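Shared between the two complexes below is chain A, which pairs with chain B and chain C, respectively.
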Partner chain A sequence: MLAISVMNGLVMGVIYALAALGVSLVVGIMNVINFAHGELYILAGYFSFLFASVLGLPVAPAMALAVALVFLFGLLIERLLIRPTYGNDMYSLILTFILSIVLQNAFLLIFGPYPNKPPLWVRGASDIFGLFSYGNQRLAALLSGAVLIAAVFLLIQKTWFGRIVRATSQDRGMAEWNGVNTTRLNMLSFGLGCALAAAAGVILSPVFPVTPTAGVPIALTAFVVVVLGGMGSLWGCVVGGLLLGLVENLGAAFVSSGYKNVFGFIILILVLLIRPAGLFGRAKL
Partner chain B sequence: MNRKRTGIAIGLVLALAFCGAAAAQDTVKIGVVGPRTGPAAATGAAFDEGIKLAVDYVNGKGGVLGKKLEVAFEDTAGAPDKAASGFERLVTRDKVVMVLGESHSSSALAQIEVANRLKVPFVVVEAWADEITAKNYRYVFRAGPSNSGVVNQTIAQWVKAETFKRAYVIAENTDWGIGIGKLTENALAKAGIPYESMITERNSQDHYVELTKIKAFKPDVVLAYIYGVGLHYFVAQAGETGVSPKAVVLDGAGPPSLWPDYWKNVGDYGDLECFVSSMHEKVELTPLAKYFREAYTKKFGKAPTDYKSRSIFDGILIAADAINRAKATDAEKLVEALEKTNLETTRGTAKFGLTKGGPEYHQWMPPMLVIQWQNKQQVVLYPTQAATGKLKR
Partner chain C sequence: MISSSKWIGPAVLAGMCLLPLPLGIYPQHVLIVSLFYVMMAASWNLLAGYTGQVSFGHAAMAGIGAYTSGILAAKAGVNPWVGVAAGTLLAALLGLGLGALCLKMGGIYLSLTTLAFSQILHIIIVNEYEVTRGTMGLQVPGLTAEYSKLTYYYILLAATVLVLFILYRMIHSNLGLSFRAVQNDETAARAVGVRVLHLRVLAFTVASAMAGFAGGLYGHYLLLITPEIPSLDLQFYVLAMTVIGGMGSFVGPIVGAFAINILAEKIRDYGEYHVLVFGLIALVVARFAPEGLTGVWRSLGRRRTP
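Let's look at the complex of A and B:
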């Protein structure tokens, strides 16, 4: 029981971290909370389903196309909805909240209320060290999620783009004086945040089918992870995600599965009582 | 000139108001509540289909009180607060004479309080918690399954008939789930069948930890009371973790096993799964059931699967019959007419219980079937007199 709880906690933790990274990136750079984050995850899941299951594209190109389209959609949202609201965080909050409702209803209208899922990459289940049986698609999701998280860290820590992102996150004015076009950076970062939600969506939709309103709990978990880890901290996302995944699964295994979601909130309250800024403190990338 | 224009404007307004009033007088409006959004939004789609067929049927036979029957729908999203306010809107804004529907027990429990307060007859069709009728409210009826009816008349009898040796009960943390789970435990204890049980989070996508606990108990049947997309997750993950096919999994609600994307979501793990249903293509209890199947296929170009489309169809027929017999839309007369209902529906003859003190009051329990997927074909297992095949393990 302990082994599968830990394994499952890690898988869910990586998934939570991936979904939260996009939120954290946008919060860190733009100080904008995107309430439609969960719906963008769902949109990518629907695109992936549409391209692979309906149009018959191979799985990998279907996923790449889905992420690219959501990235472009993210750029469009930033340009049309977020940019005019700079300087007033409340407006962007309300606008993205409205966008989430519009998207939910559009999904319902276009795809109907039934769950949809793109094809599995791998079928069946594997025996893990003779301890338990585990779904192959979940193992693939764990692996690809971990690779993607590592890629985001490399991008932020080792590239020129990452340096600009970190500089802007630390001191926007100073970055501008050094020639950084922060308006364009905002647009790109918002698009990247949306693309990360989309990446989580295409990786997970074969495991957890998408429905019009399934984005709400995903966004909620992502926000919990971001607050748990510390607003704007990428390391915080990873540690917060893994902590949440492990606590939920160990709690469900050894206390009660009916209160699975409560354990996450208990941890959140405890962390905020001890460290009000979250595990990894202030906004810093 | 201005006076002339004002006169014309007033005239137009009065004419429009008169037309509106005339149109309103030509119809009798009833309300339907159900989830069009949320995890069980598919039920809203099934209700929509049933409503269209029922309205065509009733109006094709002359309508109600010589007028056309009209239906107003309110989305409840499976949330009790929305359910209660939606119910109230139907009564105060749409002026409906009766309300039907609902599929979530938690929502229905909120709505019966509104029905009782506003004194509006409410016929629940697919919310199963016993408390809905056990409160013995004068204006509340149920023309559909109740938790105790489904457990004691169908599920527990089927478990005994198949001679299962060890059972596991897993129920979602809702009014329906907790209620039906407890009743199942009582029935299993009474039958002397060893069992264990657990409660699961309603919105959980992941059941691996629960399934590992279930596997350790080595049951030969798992009675799963999880509604909506969650059931798909559970069935697929039961296969991945090796709980099924060693143990037979029963979907204790039914419709999610019949949704169009069931097979795509659960893959091969869906085969040999069992579910309860009040509908099967080879079991037609009344001529009206045959009519429904034919009319549905003609209108929607597919065979009916989600039995809740037929439940709301029956509900509307019961409402129309009561209004016609009451010869009025007055709530008191409608309640009296509903209490005297004796109407052939698609699921048998509807007749409400009148004995107070328990959930049987104002309750009509239609017969339910236990069906198993065998090579993607539905095989009726229980009741044995209606069986079209035997359980495969």
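Let's look at the complex of A and C:
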């Protein structure tokens, strides 16, 4: 029981971390929270279901196509909705909230309220250290999530693009004086944030099928992870994501499964009470 | 402007008193629901329109009011009016707590925490089936011994007038001036001695109390309280009414609430598209006319009389 819960916690934690990285990247650079983050996760799940199960594409290209489309959609959202609100954080909150409701209802209209599920990548189960057997699909999700997180870290820490991202999130004005086109960077990082939500979506949807409103708890958890880790901190996302995944699954196993998502809320309240800047956060953005 | 606004209020009120008399049961119901939404949108406007705080937990506060009063009345036999007062108080206390907890960290935190709060409330209501009857809904007694739409209409009209009166007095006082100052330039307001944090927490507490009050009355009107009240859909409705009507304008949310609720009833005849339709309208309005319909109206008037 304990071992399985820890394992489930790790899988969920990696996905939470991935989803939270997308939020954190956008907050760090643009000081914008995308309330439609969870719906983009769901959108990618639906895309990969459409391409793989309905059109019959192989799993990998279907997933890549889904993430690419959500990335483009993210660029479009930034250009049409977010860019005109620069300097007024309130409107971006309102606009992305409305967008999330619009997407939920569009999903409901197109796909219906029923859960949809893209095909599994791998079948069967493996024996974990002789303790329990665990679904191969979940192991694959854990592995691919970890690889993607590592790739994001490489991108931010080692590349020229990453250097621009870090410079802009530290001091926007200074980055501009040094020739960074922050408008284009905003657009690109918003798209990248959406693509990270989409990546989490295509990885997890074969395990947890997508429904029109299933994105809400995912997005909320990602937001809690971002607050817990500290807004704009990438390491905070990884540590916070794993922590929350473990707490939720251990809590569900040993306290009450109906209250799985409440544990995250309790953590949020505790963080705001004790250390509002989060584990790795700067005192002020 | 002052002489005309002196007469507009009483004239509209007199009209509102006479309005339901020639109407049937169903239009009366639509009007009662509209009044609930006027209270919700007008108090949400105090947050988003006047103090620059976006709360996604306003519907949840209405749910707190409705469920507090409903549970007290249905399980403990408490008088519904006492229950509504208790629900209002609890919503105010929760507003005070949430406001104090996250407002010092800045607006984004309030939006995140209120969204989480509304989601958690939803989970608790669905899970605590014995107390709340979950998604089946909790049957509660009415506010009066005899159930009549007309009586409820006048009760909600009186409540709406009370809420609007308090909001009007708040906005057109020194307090309202400080609200505006904070929204226009927080640093400058702080520099001239406005206590920004206190002000925001106060506005959040008052708005939460009003939502709890509106929700409590609404629950006793519906006689069945379901998790539909503290839902994101209702929250979206309140937000869309304010945005489309005109954020930061006193009349905006009132116009928005009536217009959208009545339109929603019409669209509902064609199927369950109304949320999607209003979502798209709200998106376009928030993007291209951030001051809403009343803002468009005002700028049209300005253009005609230069």
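Rule of thumb we're sticking to: the second predicted complex is superposed on the first by the 281 of 285 C-alpha atoms of A that agree within 3 Å, B and C clash if a C-alpha of one lies under 4 Å from a C-alpha of the other, contacts with A are read in each partner's own complex, and residues count from 1 in each chain.
Just so we're on the same page, contacts are C-beta pairs under 8 Å (C-beta built on N, C-alpha and C of every residue); 3 or more make two chains touch, one makes a residue touch a chain.
On a predicted model such as this, the values are computed, not experimentally measured, just so you know.
Engineer: After lining both complexes up on chain A, report clash or fit for chain B versus chain C.
Structural biologist: Clash: chain B and chain C overlap once superposed on chain A.
Engineer: Tell me which partner A:109 touches in the superposition: chain B (first), chain C (second), both or neither.
Structural biologist: second
Engineer: Look at A:217 in the shared chain and tell me whether it touches chain B only, chain C only, both, or neither; answer first, second, both or neither.
Structural biologist: Both partners, chain B and chain C.
Engineer: Regarding the shared-chain residue A:89, is it in contact with chain B (first), chain C (second), both, or neither?
Structural biologist: A:89: touches chain C, not chain B.
Engineer: Where does A:147 make contact in the superposed view: on chain B (first), on chain C (second), on both, or on neither?
Structural biologist: In the superposition, A:147 touches no partner, neither chain B nor chain C.
Engineer: Using the superposition on chain A described above, determine whether A:1 touches chain B (first), chain C (second), both, or neither.
Structural biologist: Touch partner of A:1: chain B, not chain C.
Engineer: In the superposed arrangement, which partner chain does A:274 touch: chain B (first), chain C (second), both, or neither?
Structural biologist: In the superposed model, A:274 contacts neither chain B nor chain C.
Engineer: Quick check for you: in the superposed arrangement, does A:261 touch first (chain B), second (chain C), both or neither?
Structural biologist: Both partners, chain B and chain C.
Engineer: Chain C clashes with which stretch of chain B: 2-10, 38-46, 74-82 or 344-352?
Structural biologist: 74-82
Engineer: State which residues of chain A lie in both footprints, the one left by chain B and the one left by chain C.
Structural biologist: On chain A, the overlap between the chain B and chain C contacts is residues 105, 217, 256, 258-259, 261.
Engineer: Which residues of chain A touch chain B once you look at their complex with the stated criterion?
Structural biologist: 1, 4-5, 8, 12, 53, 104-105, 108, 112-117, 120, 123-125, 132-135, 138, 208-209, 211-214, 217, 249, 252-253, 256-261
Engineer: Where on chain B does chain A make contact in their complex?
Structural biologist: 36-39, 41-42, 44-45, 173, 198-201, 203-206, 208-210, 212-213, 216, 229, 232-233, 237, 239-242, 259-261, 264-265, 267
Engineer: Which residues of chain C touch chain A in the complex?
Structural biologist: 48, 52, 54, 56, 101-102, 104-109, 111-113, 115-117, 119-120, 123-124, 126-127, 232-233, 236, 239-240, 243, 273, 275-276, 279-280, 282-283, 286-287, 290
Engineer: Would you tell me which residues of chain A are touching chain C in their complex?
Structural biologist: Per the touch definition, chain A meets chain C at residues 27, 31, 33, 35, 80-81, 84, 89-91, 93-95, 97-99, 101-102, 105-106, 109, 216-217, 220, 223-224, 227, 231, 256, 258-259, 261-262, 264-265, 268-269, 272-273, 276, 285.
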